[in-house]
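Read through the structure below, which is laid out as structure tokens, and then see the notes.
Per-chain numbering from 1; labels A, B, C and D assigned in written order.
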Amino acid sequence: TFGDDYGGQYVPEALMPALQELEDAYERYVLENEDGFMDEFHERMRDFGGRPTPLQRADRLSERYDREIYLKREDLLHGGAHKLNNALGQVLLAKYMGKERIIAETGAGQHGTATAMAAAHLDMPCEIYMGRTDINRQRPNVYRMRMNGAEVNPVTAGSGTLKEAINETMRDWATTVEHTHYVIGSIVGPHPFPKLVRDFQSVIGDEIREQIREEAGRLPDSVVACAGGGSNTMGTFHAFVRDDDVDLYAVEAGGSSLEIDAEEGLAPNSATLSTGTDGVLHGAMTKLLQSEEGQIVESHSVSAGLDYAGVGPELAHLVETGRVTPVNVDDDAALNGFHRLSNLEGIIPALESSHALGYLERAAGTAADTSSGQRPRDEHTDELGDLVVVNVSGRGDKDLETVLEETEKRDLEAAPDVEVFDA
Amino acid sequence: MSDAVTENEYDSDVEAAIRENHPALITYITAGDPSLEDTKEYVEALDRGGSDLIELGLPFSEPIAEGPTIQAAINRALAAGTTPEGFFELVDDLETEAPLLVMTYYNMILQYGGSEAPRASDGRAAKPRDKPEVRPFVERAAGAGLSGIIVPDLPAEEAGPLRAACDDHGLDLVFIIAPTTEGQRLDDIMSQVSGFAYVQARLGTTGARANVSSATHESLARLEEYDVPKAVGFGVSEGDHAAEIVEAGADGVIVGSALVDIIAEHGSDTGAAAERLEAKAAELKRGARRGADSLTVDGEDAPEPEQP
Amino acid sequence: TFGDDYGGQYVPEALMPALQELEDAYERYVLENEDGFMDEFHERMRDFGGRPTPLQRADRLSERYDREIYLKREDLLHGGAHKLNNALGQVLLAKYMGKERIIAETGAGQHGTATAMAAAHLDMPCEIYMGRTDINRQRPNVYRMRMNGAEVNPVTAGSGTLKEAINETMRDWATTVEHTHYVIGSIVGPHPFPKLVRDFQSVIGDEIREQIREEAGRLPDSVVACAGGGSNTMGTFHAFVRDDDVDLYAVEAGGSSLEIDAEEGLAPNSATLSTGTDGVLHGAMTKLLQSEEGQIVESHSVSAGLDYAGVGPELAHLVETGRVTPVNVDDDAALNGFHRLSNLEGIIPALESSHALGYLERAAGTAADTSSGQRPRDEHTDELGDLVVVNVSGRGDKDLETVLEETEKRDLEAAPDVEVFDA
Amino acid sequence: MSDAVTENEYDSDVEAAIRENHPALITYITAGDPSLEDTKEYVEALDRGGSDLIELGLPFSEPIAEGPTIQAAINRALAAGTTPEGFFELVDDLETEAPLLVMTYYNMILQYGGSEAPRASDGRAAKPRDKPEVRPFVERAAGAGLSGIIVPDLPAEEAGPLRAACDDHGLDLVFIIAPTTEGQRLDDIMSQVSGFAYVQARLGTTGARANVSSATHESLARLEEYDVPKAVGFGVSEGDHAAEIVEAGADGVIVGSALVDIIAEHGSDTGAAAERLEAKAAELKRGARRGADSLTVDGEDAPEPEQP
């Protein structure tokens, strides 16, 4: 657990032995590098995944914000997002543990595709649970998983999205736990998953630390990453948690509003760290978007990958202790962040990552730049400092249709003229 | 509520209900499916049908241990607006022979009463944000006359706070024993059994099945040495299953999805549903007795289990 | 020129001074690294582009073909293909030359998107010419270019594809040549473009050389790359041209047939090196798909990126001298190559690159594996040798829809069950 | 063909046509647009209208130097099945006052006769695959009575082989001078002028424009010192343009797109098109003469060009 409260193993009894087995494997292979496990992990992430990813100075953003802005380019990882770090780590671990089958849930499809490619690479049978609504929204990702040889199991319950897919994957695991490993996609779920996923993802921050020292000769003043479940967030932050001088900003999806409609069971945001309350979901005590009675509400964000009512327990803990500052930007600011990076830097970011860029604009942008926005200049403005690292957790090719649709509905300062898209 | 249970030699109402009515029938339905009013009639029908313990599900939006049948029942109950307070009011109102247990997920217990003023009764410093805790739920459950609590997502390792609160209020906290529960963990859990050991018949989720799994027989064999009441659930749907399970050494059988199916089939025809629930309970109870009788006939020499 | 014949500068007089200016800049900046040009190029390719890309041992292909197979992972380059090497190099060169505007043609959109992102990165105004038919077939790439701030100019002439887009870009250049640089997308066009593009792309082969020496302790027995215009081909081969022991295979698109229908002006393939005849197109003497009278025919391939009636003059020369072996595989074999790599290695290759993988199967596969194919086991079977490098020039996300459609029409041994895509 | 041109003091029929008919009108249409039969009538109409030289386009599928108008004409000609052999047969058949030139792209020249047996006449070893070369085309062009060749994608640097073949057969190879042609290159090209210098009026492609560009005036000023015939093309569409250009120092004007427009407008009404082509040629010739007359009136003092 993290601190007194967060984390734990709130799962059906049938899964407890598997979690203990996983905990044992985590300690031996991950923490102690038994049989050279971590060496193989790093080697495969280099050769198959494309690590290290660059830490790039963003010339035009640096000029715009009058400070040094560096981008960690997880968008260049195989599969197009940081997700592979974890998926490959867990599938490899499953192989070391003698498991014969991989299952995973997926929402927008990013974790599912990463798991499918890791499973193909390591020759493991793989099944992915995905809500039917998500399947229809994210067909290209379904195709990618299928082409990588994974089965895709549609989940029809409820709204047919991530929450239901997780529930269904847990049900599969409760049945097949003896020979199957469940590759959880973020730093959520019962112990040891949050630590396991964090440790695989922390290659991001480890690289940043080394790269920024080489580039700038010192550690950054602040590190900014978007937060849904929180795997890219903790992966980016972990290496800096003990550096008190490095401010850590977790940028959540403010969606269209921070208010919860408890009556309808809907939160038009997924700002769990900013607005959630403590509770137990999917195996861990953490912060949640829930009704007063304890029912989990449907979250919402323009970015499907941030659209989750929970968050990693470690992030909840670090926010509670004040080490990580939770902030959030709304859909509009994220879309502007998307267009700004695309247009100024030639990098089309995932909508998830666009939230981090939207926050950068708010916190570091000039008053003139933000005058049209609804939000006041953020209170942490001066704390971003002179040297800022932003994690670009993934690429935005997958989001093109969404961005077009959502851009057309709005009057966004950073968007190109939408009409010309009809050229 | 179940004030009919007499004082007895056992630790709890729940254990007594199983021991004294051996072989016991434990039935489950979801409160609020399709409405709390209907639930009242269905509980009474199950009680009449011969249930020795009745589990009432308090619906939670993420029922990760349930199969499709109970998941759908929970969704119906939530859609009908079932709340914890409504649930407790129903229980306040129920008068059954059989003791009642509540089956729900841990978050529902944690959040109950969470909108009240911060409590610091457990000695922690009151924080600016209210920390969820389990006592309000347990207090209210005890007050409503519930005899125990089953929490499918609360393994023994995490059960400390809830166990303490239940002890303080004289409620049983029933643990589940899975086919994967073995060795030291099995010993530890069996040593803490409260009420009865809920023996999970097979890996997976709840749901009616066509036969009794070999895992059931293996589990009961593994548990033979422990002198605690054992009730088997997950997949039991017919009298013959009940007979086989009791024959294999169980002290009781737990039936849920088969009953929820009946409720779902009848929709708004509450009377017909209640009638069939009563009949189904009776069939299951007869089956359980048949299993017990066969044991008596064969003496100690239990028959070979039929492999599914 | 390359050899006696290939190359040259067959362009309107108005462009000649610009070509001479470019030749001068090429010599100073590229060949002599004046003002540290090549240092900046390599630095930006590292930080912005993600170089070096990995050279990955393909475990399951190595097993299948009973030899060491390594994959050069250009699919991991920013933008999803090798195209950025050239686009960034040329836009940077234009900047050094004091040009104020960038134009480029694009067919499937890969070169256009690469140019648009390079232009955004380097803050240069950019216009891309693209046939209307291609625009309709490749909308996501149009969106990406627009989001990167480029204008996309539809070309309505003829069949509205690559050939017309090149013609139209040349017309723009003939008008604006004084302040505009035309970023040609392959090793085609008038001198010095073929050498310029080759030199920017040769970072691929330079890396392979170093990486394979580190991994295997020696140079490969053969190197395999697909060839359309030939930029990834020459980029891969250039470092090995003088190593006589390294066999070089350029895999062209055999399409549906190698026959040309001169009556209709159609070639159902783009196997220019294998079947073309010498002539002049787009500024250079090279091999072409043309009628006997000299009209250029419409080429065809399931892979839009290989679909070009010409080929780089240097490749034509190397084929003529016997240094490079031209081979080709048909659409079916390419599709099987696509599915095989996706399924076995967890890498979804571009349909272009899939041709190289299709050839690998034919040349290295067992007789049993190819028994269902129409073609005989290739004559070069034994020449691939024990250590083979295949260039995966790009990723296949862009090709998912095409692959699905084309797969459904066929009975492909390596394809997953198409039905399940409807999950 | 143009056997009407008399022997003269100049190097070639082409130069003579310009010098003797100063200021000269050079007209262009695409052969085969909309058919070779129509082209015959149109050429004769242009000849009657006062053309001093006529360029006939042999269509190539990738006309990178043409604007939309001529590009469309080329596409129509190709769609009508126009072949090099058909083109030459048309020329064989034509009898015009004005000498004829062929305007085509280099690949068309290279491939002509390519299906015949390998030739090794240039001293190269005959290779298994036939190498294209230019002589068969030039031979055929000379045989058909053409006086010269214009190749928009063949700069002087690459023109060696074709120039040699043309010299051998007494054909002019006309070079284009672009607004960007300056310094040493300009000297080199001007020293090789054959027939006349084709002065490109502006950067860009062919196509009718509404005015005469300032680049035209600058180019002509730059070329003033060279004693060769200069004809200006690219964008000339009206008599007034012709006047202005001649006034600025040109020896001739070249008009193409404006004529192709007329052909396109009339579709299959060949007679009407021919009539208008003849009238347009006459208008342009009159314009050119007007420009020449104004020069005579003003003496050496050329008027200020109108800036567009």
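The rule we apply is simple: contacts are C-beta pairs under 8 Å (C-beta built on N, C-alpha and C of every residue); 3 or more make two chains touch, one makes a residue touch a chain.
Going by UniProt, the chains are B, D = Tryptophan synthase alpha chain.
What you are looking at is a predicted structure, and each value in this text was computed from that prediction instead of being measured.
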Topological distance between chain B and chain D, in contact steps: 3
CA centroid of chain B to CA centroid of chain C, Å: 66
Chain centre separation in whole Å, for chain D relative to chain C (CA means): 38
Touching two or more other chains - residue numbers and ranges from chain A: none
Contacts with 2+ other chains: residues of chain B: none
Overall pattern in which the protein chains touch one another (line/ring/star/complete/other): line
Residue ranges of chain C in contact with chain D within the complex: 5, 8-18, 157-158, 163, 166-167, 170-171, 174-178, 265, 277-283, 288, 290, 292-296
Footprint of chain C on chain D - complex, ascending: 60-65, 67-68, 71, 75, 78, 83-84, 105-112, 114-115, 129-132, 152-158, 175-182, 185, 189, 200, 203-205
Parts of chain A lying in touch with chain C, wherever the complex brings them together: 46-50, 53-57, 59-60, 73, 75-78, 80, 116-121, 123, 135, 140, 142-144, 146-149, 151-154, 338-339, 342-348, 397, 400, 403-404, 416, 420-421, 423
